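To keep things simple, chains are lettered A, B, C, D, E and F as they appear, and every chain counts its residues starting from 1.
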Amino acid sequence: MSASENNAPTTRADGRAVDQLRNVRVTRGFTTNPAGSVLVEFGDTRVMCTASVSEGVPRFKRDSGEGWLTAEYAMLPSATAERMQREAVKGKVKGRTQEISRLVGRSLRAAVDLRALGENTVNIDCDVLQADGGTRTASITGAYVALADALAVLKKRGVMPGEPLLAPVAAVSVGIVDGVACLDLPYEEDSRADVDMNVVMTEQGRFVEIQGTGENAEFSRDELSVMLDLAEGGLRELTALQRAALAADLGETVTL
Amino acid sequence: MSASENNAPTTRADGRAVDQLRNVRVTRGFTTNPAGSVLVEFGDTRVMCTASVSEGVPRFKRDSGEGWLTAEYAMLPSATAERMQREAVKGKVKGRTQEISRLVGRSLRAAVDLRALGENTVNIDCDVLQADGGTRTASITGAYVALADALAVLKKRGVMPGEPLLAPVAAVSVGIVDGVACLDLPYEEDSRADVDMNVVMTEQGRFVEIQGTGENAEFSRDELSVMLDLAEGGLRELTALQRAALAADLGETVTL
Amino acid sequence: MSASENNAPTTRADGRAVDQLRNVRVTRGFTTNPAGSVLVEFGDTRVMCTASVSEGVPRFKRDSGEGWLTAEYAMLPSATAERMQREAVKGKVKGRTQEISRLVGRSLRAAVDLRALGENTVNIDCDVLQADGGTRTASITGAYVALADALAVLKKRGVMPGEPLLAPVAAVSVGIVDGVACLDLPYEEDSRADVDMNVVMTEQGRFVEIQGTGENAEFSRDELSVMLDLAEGGLRELTALQRAALAADLGETVTL
Amino acid sequence: MSASENNAPTTRADGRAVDQLRNVRVTRGFTTNPAGSVLVEFGDTRVMCTASVSEGVPRFKRDSGEGWLTAEYAMLPSATAERMQREAVKGKVKGRTQEISRLVGRSLRAAVDLRALGENTVNIDCDVLQADGGTRTASITGAYVALADALAVLKKRGVMPGEPLLAPVAAVSVGIVDGVACLDLPYEEDSRADVDMNVVMTEQGRFVEIQGTGENAEFSRDELSVMLDLAEGGLRELTALQRAALAADLGETVTL
Amino acid sequence: MSASENNAPTTRADGRAVDQLRNVRVTRGFTTNPAGSVLVEFGDTRVMCTASVSEGVPRFKRDSGEGWLTAEYAMLPSATAERMQREAVKGKVKGRTQEISRLVGRSLRAAVDLRALGENTVNIDCDVLQADGGTRTASITGAYVALADALAVLKKRGVMPGEPLLAPVAAVSVGIVDGVACLDLPYEEDSRADVDMNVVMTEQGRFVEIQGTGENAEFSRDELSVMLDLAEGGLRELTALQRAALAADLGETVTL
Amino acid sequence: MSASENNAPTTRADGRAVDQLRNVRVTRGFTTNPAGSVLVEFGDTRVMCTASVSEGVPRFKRDSGEGWLTAEYAMLPSATAERMQREAVKGKVKGRTQEISRLVGRSLRAAVDLRALGENTVNIDCDVLQADGGTRTASITGAYVALADALAVLKKRGVMPGEPLLAPVAAVSVGIVDGVACLDLPYEEDSRADVDMNVVMTEQGRFVEIQGTGENAEFSRDELSVMLDLAEGGLRELTALQRAALAADLGETVTL
């Protein structure tokens, strides 16, 4: 089962070039109760990312001198084209949900120096209000901004021993659709992609996580290389946007 | 334990008169996947209310010729001042959540003629993005508007035997705070109220549901009467607002 | 959807006047292990109400100097006309069960001065042996008597700082059936009532809780008033019966 | 660890001889909703045993031409000296509960000819109102009587192809306490017994089930023999009592 | 329903005499992480029995000066002829599984002096890799050997106040198949047996547990006697094998 | 946080070169009930992989003309150095377990032509008997062999429309440990690796899945390249071993 043949920039169903991100928007201060609260939009995908802080750490980190960061991702039942059953009602968190929660947590821990955080805990919540592909990558990208705001709150409280915030971490999806490698897949492309890959990267261009899956077709090392090139381009734009959002006022919407 | 003494209009912590609603805002078309999607705001309380439609009915209604409406209410974990544990992760829906889901369902069923709906099902979802008291009453008030939009979608599909939408149903809270009956309590008042009451009413001024609870003090029949007067006043404004929202454009925010 | 038209005392299916309670019976000392154990019967509805006491309080009350009272309501699977699935086997407590448990707890807390109780806990259990309508109101009415017995046990042990038992709290249902307001509905009436209301009141005639629901029809303020009149009459009889039961011997059955 | 030495009839804490049953009482028609409803008492142990009938069988018996009987045993939380947590609230049925439910089901299936029952199902529920040892054996003994009543109901409905009720099945506990084999142990003896055995037997004196456990000491074959002798004596009395109860009127209490 | 008629040694489907065990094999040191790890085989039944040790005891044993031993039994989903659903995925442990776990725990506690163990805990795990009848009796027999190895580890660590290992405890099944009492039933016999009995015994010939069940037919006292004779013969061989295994080298397979 | 500096073949704690696999062993016919049953060993990691077949498909595949393959991965509680709690007892499958189960399923579906399988289902079970790193990659590698055997069984039954088995799929881990990229990490290396990557590949050298995670340090594109080189080398050996195992006799152990 062969996959991509050529990757010449073509036009996609939504008019974008293959190396073009969707319209990405970041709004800080979306709600006021959590220490950090960000609405992030990748096209029609809309995720509310919050970072809540509490003093103390879970048992396995107690007396380690280090803090902890954990994350939970979830979809509202009405986020998708067809309403999904609510996981709380079912009494079970789906494997997919847990997998993404774990990915978001690992990715954001790459953006925080746990020792400098001291024995404090950050809870990241990424709740998808509307889903159109790329919800996990939007979650990571938005959560970094919420995390930055939350750490600023902890700093003001004077409870942190150091400066835990590291350089931005962002994420984007790439994939091979109709034999062509594309950046930032909406649901319409994602659902029929031969290969789907999520790339999480630091501002310095180092990988935090790569997850590439060939559900309908396997992929060659060359195809991998083309996808990584696309991802790197998109991620440079996204980390610049994260920086811009953090420089803007609360409530202001910053876009690419 | 005596409660209210007098109810002369006074000024409250947020500057409102005792018979004054908070700033209430309704935005239709908040998201696009569900048939109806409304953002409703009562001051800082913000609830996303959606109505999803599907053909067919649950088993207990099969071959009844009637449709069904069911509702689920939930709070995002970061909606409250202190982050709450996610019910899906805990694997259990709290009693409070189930109780409110049932209330929302009963209230909205008073706004729909199940026979005219035919064997179709409406799922109402009320997800609280930000909580500041009155989340259940905001949910009911917003959900009516989402329901109206969803029934319009079903109508366009031509799958309903009749016109199931009945006149507006809205809800508001009243309570006795510091001995004074007040309309539409924010969290600050609600948490120290002697009596807390939720009133659900039709546009015609008939009660769908009354739930009055004296957690810290009991209440007399006269106090009940004063609270019901306040509620009726607020509910007239809310049903007018629901009508206005349904007359406005999708995406437009309508306010009192 | 209009409801009651007139409320002239008429005769019901079971021969009662509209303002007449069913045969109500209270037997203290029904079982011997719990500190308080009462069998309460409202006609064919039969509930075993117990109050168990333990020293110490749940975490959220620790070091508050106050005690706590909590309640659990449940139906035996064979209590109803058609056997119900056992909640423990299903692994889930139904919303209805949780809702009633919370109602019973709130109602009984209105009968106890938590500060005078000291850091002790009372667990109320209401297990329905046979259900014929009004199980929640019978539960509250019977549980008050069990609570009184349990507090007497704690007093004898000398572990309470004060006299926590307050005046009786009782509960009764009212509703509108075939357009007529009726007191104390058996299942046959309850299942076809247009309006169903539960009223919890202290001996002094103050409301602890009012829950009125129009499942099949809404109700006017006048209808509310008529129902509250009926409830008040019934509740005066029930609190007198509670007093009589507490004056009688253990094992003796006291009736209206 | 040796156990019993001699078994000469001695007097026990409650004054009984070693081969004497407690006061056993059986009341049919204890509640009216289930097809069979029996209150059985072995001393202070009190169990409500019901048998509910429904047409149709579980999937694994479908189209087998045979019926099915299943049983559930449970303790009310206030049945024991110290209140136990409610299994439904915990969301888990304890191993002990499941084990006894399975034992009751197997035992009662020995009293029914599933083929003669036809494709009907009997649900046995044994709910312990008060526990003082021997709750599982009281459950089996009482449930047989409830089963007989339930099958009579099915017979009247004319839905059974044959006469499924077989001869009585009863159960009793025996054990070695302070080196002496004793019949029908109350909690006080059971909790310090070296060996605990439950014997289920048909009226014809054949074993349905034997479960002997040496928690604190093992037992010899001779000791086993002495315990079985005691059990056989008690079981003859119990099956006679079952017959007597079925010959008595509903509501009448029959005793040894 | 009569059962066995005669018990003259006959030949069975697998060629064994009625009083003959299957080929039994014990391999110590099957895996290396747990303190004790044994593969036990009774014919085609294969169980991995491990004993893990930890310092400290569960809450109910704290400060008792005694240790604790607990056991868990489970079947791999592919152990049976037809694949079974995984209990972890279902979210529920079956009654059968819990019942056997409890039996294994009780049986092994008869082989350990909890006071000499000190406040240490032994966790027995019996995981059935392949099931062909007698999995619970194989589990007990193998687990004793794993327990012995685990206690030797604790002894080397010097954390035990005494010598807790008691003489061997082994288990075997007996049953009545086609009217003939047989020892050590494989699945083919077990599934059609009239009576099924599991006997757990110490090396001294005293019973730890007897569980006899007549699913398809009841059994007489004479039949019980014949079955116990068979069991005693088999158990003498099994305790000799346990002794031999403990005298052999780790990794060596010892057989009857 | 920089990671690997140089990758010159060095010697590791267990004496292997950086590009050397552990001793890998594959034994077909490990148990006899499932259609395919394989014991796979990567050094001390030992996994029992089975493939069970059933006719019919899950609901979402019904009438699609295609079959389905699903997989479940689990660890026995005693598989790890420190005993883990049993997921079935906890009532929850851990996120890690679900994530690996999903990975195994996706990987094996790349080895089967679902259309040629027809409406049949293959259940893969990977149960880790002993864990020493790389359990998920051993699972995938072994499961392919079990799958091949299971499809041969289905073929013999004549229920498949085609030849669904595709070329081998195998998996291996690579990582950066102490700055050096290494192949096939045991637990000792895995637990302190800066980067951990799992690579699933077809015999043709195309990627089915790549999952690279920098828990303690991010990694550059060059480091990624070095790791992929190592993985490809190992995977060529593993697919050759899978072919050799399938050519060997049942019960024979094939090794590198």
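Keep in mind that, in the parts below, a contact is a pair of C-beta atoms (placed from the backbone, for glycine too) under 8 Å apart; a residue touches a chain by one contact, two chains touch by 3 or more.
Here's who's who by UniProt: A, B, C, D, E, F = Ribonuclease PH.
Please read all numbers here as calculations on a predicted model, not as lab measurements.
Peer 1: Half is the threshold here, strictly exceeded: which of B-C, A-F or E-F has more than half of its contact pairs identical to C-D by residue number?
Peer 2: Answer for the repeat of C-D: E-F.
Peer 1: Once you find the CA centre of chain D (Ribonuclease PH) and the CA centre of chain E (Ribonuclease PH), what distance in Å lies between them?
Peer 2: 28
Peer 1: So, what's the distance in Å between the C-alpha centres of chain B (Ribonuclease PH) and chain A (Ribonuclease PH)?
Peer 2: Centre separation, chain A (Ribonuclease PH) to chain B (Ribonuclease PH): 33 Å.
Peer 1: What is the distance in Å between the mean C-alpha positions of chain B (Ribonuclease PH) and chain D (Ribonuclease PH)?
Peer 2: Measuring from centre to centre gives 52 Å for this pair.
Peer 1: Can you compute the centre-to-centre distance for chain C (Ribonuclease PH) and chain F (Ribonuclease PH), using the mean CA position of each chain? Integer Å is fine.
Peer 2: 60
Peer 1: Check each residue of chain F (Ribonuclease PH) and list the ones that touch at least two other chains.
Peer 2: Correct list: 91-93.
Peer 1: Looking at which chains touch, is this a line, ring, star, complete or other?
Peer 2: Basically the chains close up into a ring.
Peer 1: If you go round the ring from chain C (Ribonuclease PH) to chain D (Ribonuclease PH) and onward, which chains do you meet, in order?
Peer 2: Listed around the ring from chain C (Ribonuclease PH), going to chain D (Ribonuclease PH) first: C, D, E, F, A, B.
Peer 1: For chain D (Ribonuclease PH), which residues count as touching chain C (Ribonuclease PH) in their complex?
Peer 2: Spelled out, the residues of chain D (Ribonuclease PH) in touch with chain C (Ribonuclease PH) are 31-34, 37, 44, 46, 48, 50, 52, 54, 72, 74, 76-81, 83, 86-93, 97, 123, 125, 127, 129-131.
Peer 1: Applying the document's contact rule, which stretches of chain C (Ribonuclease PH) touch chain B (Ribonuclease PH) when the two form their complex?
Peer 2: 93, 95-96, 98-99, 101-102, 106, 109-110, 197, 201-202, 204-215, 218-221, 224, 228
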